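Both complexes shown next keep chain A, but they swap its partner, so chain B is in the first and chain C is in the second.
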Partner chain A sequence: MKKLAKAKDKDKFNGSNAVKLDSKRKDRTRNIFIFLMLAWPILNWLIFTFYMNLETLAYSFQRLNRFTGEMRFSGLTNYKILFQKIINNSDSYGTAFRNTFLWLGLNVLVIGPISLVVSYVLSKKIPLHRFYNAVLFIPNIISIVILTMVWSFIWAPNQGIVNDLLRMLGLDHLTRVWLGDPDTALINVFIYCVWAGIGFNNLILSGAIAKIPKEILESAELDGVSNWQEFIHIIVPSIWPTFATVTILGATAAFRVFLQPQLLTNGQYGTSTIALKVVDEVLGGGDYGLASAAGVVMAILGFIAVYLIKKFLDKMEAKWS
Partner chain B sequence: MASITFKNVRKVYDKDVVAVKDFNLEIKDKEFIVLVGPSGCGKTTLLRMVAGLEEITSGELYIGDRLVNNVAPKDRDIAMVFQNYALYPHMTVYDNMAFGLKVRKIDKKEIDKRVRNAAKILGLEELLKRKPRALSGGQRQRVAIGRAIVRNPEVFLMDEPLSNLDAKLRNEMRAEILKLHKRLQTTFIYVTHDQTEAMTLGDRIVIMNDGIVQQVGNPQEVYENPSNEFVATFIGTPKMNIFDGELGKEDNRYFLLFNGKKIGIEEKVNKELIDKDIKPQSIRFGIRPEHIELTEESDESFKIDVEMCELMGHEMLIHTSLNDEPLVVKSRTRFDIKASDRVDIKFETDRIRLFHKESGKNLLYCDN
Partner chain C sequence: MGRKFSKPVLIIAEVLLFIYAVSLIFPYIWVFINSFKSVPEFYSSTWSLPESFSLTNYIRALKETNMLSYFKWSIIVTLVGTALQMIFSAMTAFVLAKYKFKGNAFIYSCAIAGFLIPTTGTLAPLYVFLKNTGLFNIYGLIVMYATGMGTNMVIYYSFFKKISWSYAEAAFIDGAGHFRVFWNIMLPMAREASIAVGITSAIRIWNDYFLPSILLTNPKVQTVAVGLRSLQVQQQYNATWTVLFAAVILATLPTILLYIIFQDKISKGFLMGGLKE
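== the complex of A and B ==
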């Protein structure tokens, strides 16, 4: 009996020792793992974010001498040029500036809330909800080049479905060159962004809605809520942190919008954005210094805007948690 | 006017999970009814059907005289306390209670009056501004009850509301709930799988197993006169001892043959057996631990070897076995018994209950 107990004790001892060794080894592997996983993003950040941003900042204070090809310090000249261009709307810099903020409004005040409502409606397991979920997500798995192409076909002046439909209904006077008309081009690009943007948000928000405990919704049902009351008083507060994330992502994305107008209208007809202007200047061998100044200004404005939005979102979250 | 009537109610989930089979029950207005049964027997399902959260597969459910099978939950005038309380996490205690009234567009002053009144009854006055996560389990549970009270419902449904509380709090809340029922004068349906809770709370208790009602009756009836072996062993702690035996008959006298001994049967029971013309047969019989006496050796006594003793203060549980079946004796008189002692016991023969060997039905049970 005693022997057995001793043997057991020994076992225990060995056991704990083994555990110690094991945990040491685990620690080391863990550290190596962390290092390897972080190495790439850090390098990436150092080169593409830190260095390039510093360089952009530097460029924004320099102007290119076209004859010598030299960059020369020039103080705030680039910024002055930028503000003049915005105020005078030369090269449609003013429109681009305005559009960037319209996009901010679109992403934050339109696409976010629409996504929320759509996710809520689909969470009610309405007929075909799986199908709608899938359809809404499709834009996220197809290249934007193809998507915008399809979109242009739909709105094309001669063979496009929309104009064909209008003609069929005898509404010929309403047909137009949707993407080539300053009156409709911007709205049209916006609608494209809504259509293409809901799916991703919906995916995230649906997940959050599905995680709300069933009993809470049932309690609300017994309390006699209407769908609208349930949405406002139960759903929105419950998933607010997720919605806040979606909103912040949307807000930051607004300052980077350029592909959509570039591919749909080539930035014409009043659809350009500052980001697209920067791209054009840089790729088109234009004004490097000006582009850098625009980038810096947008970064600062973007930072302020996102900060304010985040503050509002946090305030609501504090109220509800 | 909030009686509740179940007529052949049946619930099938996903086409093949039968949760409730042919449930029939009439609950009187203002009655405190307790549904009790082992896990998975369909209690929650039944409650959810009353609340309207679960569709009734077939059968009829009436609240008052109104057939409610197709009435929406909010139009049933019912409040439910969920097992996990289901408080709204983002609302204060006050708003949790007020929400159901705000939604119904009740006057602000009236809401305030009702919420404060409920808070007073439940001792929540200090906590009205807190959020649920800053409350203890017992406090949350009271908020859940408060949320139901303010609505002034016709029917109160409670699904194991005390199961998350510690023993002391559970006892306290049990008393509180009884008081509440007295004060509110409404119909309560209370679900639990704890038979002590059922016995202490219910005007009547409904014992369920496998989606079927096993017995309905007041606690005393159910305890004294279980309709079958399931109820006999489910109600009462420690549970009733059950043995195999033979029911014999000689010259109009029934007796029980067990462990090589002949146990006489009480005159009253004998008469009932004769009236029912029960044939001599192999049976199962049950005797509660408190109905076994420690005695001197005699013709009708059995020798047992004590395996373990639990002293509970005012009583002692003696664990042993007899005829290869476990046996528990509850002694209120002698506390000097130790494990591996050898003692003599005797059954109080008028307390023996006889069950059919296959079906488990109480041979003498009559439903009244």
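== the complex of A and C ==
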């Protein structure tokens, strides 16, 4: 403070030349400040985002030499292996690939729309709506480890809640090893994702519905619209940008899904995904090249899918505005 | 509110939502009740109330399973990780929102592009990098949490954009430096953003499983999520489920209590984060 005050005093006597010097010095401290503030965040980004993505691309063209422990350029070998594995469904790569797209459908066509209906219903402030809003959000504050553990207690074969209920109702023949049966495992993991996934979307969509001007809804009510008409012609168009965000988030998430099948079924019984295959190859097999090729293919397909969905969502929005 | 539902629609909606809500809560009640039973009692009947509310399982969970250590490390990682994430996100956002310089817009778009790319695909080089740099431990975990260019930055960014620069100019005339303006004037004005970022980051880090499960290979240094998972895997051989139930209740109780107390703030924080993505 004192120094600055002194410098200012000096400026008064030395005239314009000193002012220039002073502003130069100010520019320098300003630039140093910008540099210091951004140094670590940018370094962190350069290492963990930029370098990792670039290196993944590089790895996808290399194979590990088991004797020297070095990665060697190998052209498209990894991609060839990957596509062969997908086509022949060896190590259930084909299933994993298919499941990733099933998840895309689940997130975009099932969880999104269900969440929209739920948030519409709750926007009517029906009895217990506060309780529902609070409870539906619980999966977002509890670790996925505990959530999947509790889910596996529900569906456990012997002391599980569902099988117990079925036995009590005399429906013994319906009891199953739900998460250990190829017929039910995948659908069970999907139901888990719906069960745990509505709360977050509901929060965001409810926020958007609450912002719709009251007058619009009131005048529509006076015109005698039905709930269905209100939902389709007022609610959906009004909150479409938010619904589009939710849908895009769901679509991107579909290409990252791996924890749910990993924690619920270890990726067995036909529940694996491409992302889980990447994790398995790195942590289990040590095939970094193949894992990276799968990662690159996943990113490209994810980008194309999200881009197309975004195009469609924008087109719908343009239609309404 | 618009048009109200007719009676039948309302009843159907209430029934479905009620079943859904119960399915979300009941498993914890079931776990809670069974956490007081002995193992044979649990196997003979999972639905009856426990013969006595003995705390044996809880004592065993605390003594035999490192629960206290898991909690200690979860608290450390969450506090440090959240603080660093908040500070670095605020720093980046402040400079990008308030200072004109070459590359400003470019850095911002890099940040956006960064969190749109799926991260799982890059696991192989990440794994190799962490192994080679000696970061395959809790320090590596903290370094990875200490980001300043994620969604948190975008939340801060939109707040700083709204704050008038005249406050800063007044402070500059009083002789304050750039950092003082940031720390003492601008950051306190973005208090709402700090609350949102703080709460959501803390919950995310506390609950994080994947990164810690890879990096925390030392059994003495593990977080609650990682520790519980290894307990669950062990149970498949020991079959002392009731102890696991007690551990689950111990791990969930603090979160649920905090959620009940701060429900509005937590939802608001997530709402802000969700919309800015």
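Basically, the second predicted complex is superposed on the first by the 276 of 321 C-alpha atoms of A that agree within 3 Å, B and C clash if a C-alpha of one lies under 4 Å from a C-alpha of the other, contacts with A are read in each partner's own complex, and residues count from 1 in each chain.
Heads up, the rule we're going with is that a contact is a pair of C-beta atoms (placed from the backbone, for glycine too) under 8 Å apart; a residue touches a chain by one contact, two chains touch by 3 or more.
Not measured: the values here are computed from a predicted model.
A.B. asks: With the two complexes overlaid on their shared chain, look at chain A and say whether chain B and chain C clash or fit.
C.D. replies: With chain A aligned, chain B clears chain C, so fit.
A.B. asks: After the superposition on A, what does A:225 contact: first (chain B), second (chain C), both or neither?
C.D. replies: both
A.B. asks: Does the superposition put A:245 against chain B (first), chain C (second), both, or neither?
C.D. replies: In the superposed model, A:245 contacts chain C only, not chain B.
A.B. asks: Examine A:30 and indicate which partner it touches, taking first as chain B and second as chain C; both and neither are also allowed.
C.D. replies: A:30: touches chain C, not chain B.
A.B. asks: With the two structures laid over each other on chain A, which partner does A:234 touch: chain B (first), chain C (second), both, or neither?
C.D. replies: In the superposed model, A:234 contacts both chain B and chain C.
A.B. asks: Mind working out whether A:56 is in touch with chain B, chain C, both or neither, as first, second, both or neither?
C.D. replies: In the superposition, A:56 touches chain C alone.
A.B. asks: Name the contact category of A:95: first (chain B only), second (chain C only), both, or neither.
C.D. replies: A:95 sits against neither chain B nor chain C.
A.B. asks: Go through the superposed model and pick first if A:128 touches only chain B, second if only chain C, both, or neither.
C.D. replies: After superposition on chain A, A:128 lies in contact with chain C alone.
A.B. asks: State whether chain B or chain C is in contact with more residues of chain A in the superposed arrangement.
C.D. replies: C
A.B. asks: Which partner does A:215 reach: the first (chain B), the second (chain C), both, or neither?
C.D. replies: Touch partner of A:215: chain B, not chain C.
A.B. asks: Looking at chain B versus chain C in the superposed three-chain picture, what is their shortest Cα distance in Å?
C.D. replies: For chain B and chain C in the superposition, the minimum C-alpha gap reads 9 Å.
A.B. asks: Considering only the contact definition stated at the top, list the common interface residues of chain A for chain B and chain C.
C.D. replies: Shared contact residues on chain A: 218, 220-221, 225-226, 234.
A.B. asks: Provide the residue numbers of chain C that touch chain A in the complex, in ascending order.
C.D. replies: Of all residues in chain C, those touching chain A are 1-6, 9-10, 13-14, 17-18, 20-21, 23-28, 30-31, 42-43, 46-47, 88-89, 91-92, 94-95, 99, 101, 107, 110-111, 114, 116-129, 143-144, 146-149, 153, 175, 177-179, 182, 203, 206-210, 214, 224-226, 228-229, 232, 241, 248, 251-252, 255-256, 259, 263, 266-267, 270-271, 274-275, 277.
A.B. asks: Under the touch definition given earlier, write down the residues of chain B that touch chain A in their complex.
C.D. replies: Residue positions touching the partner: 51, 53, 73-74, 78-80, 82, 84, 86-90, 99-100, 103-104, 131, 147, 151.
A.B. asks: Contact residues on chain A for chain B in the complex?
C.D. replies: Contacts found on chain A: 213, 215-216, 218-226, 229, 233-234, 237-238, 240, 320-321.
A.B. asks: Where on chain A is chain C touching in the complex?
C.D. replies: 1, 4-5, 29-31, 33-34, 37-38, 40-42, 44-45, 47-53, 55-56, 58-59, 118, 121-128, 131-146, 149-151, 153-154, 159, 161, 164, 195, 198, 200, 203-204, 207, 214, 217-218, 220-221, 225-227, 230, 234, 242, 245, 249, 252, 255-256, 258-259, 263, 275, 278-279, 281-283, 288-289, 291-292, 294-296, 298-299, 302
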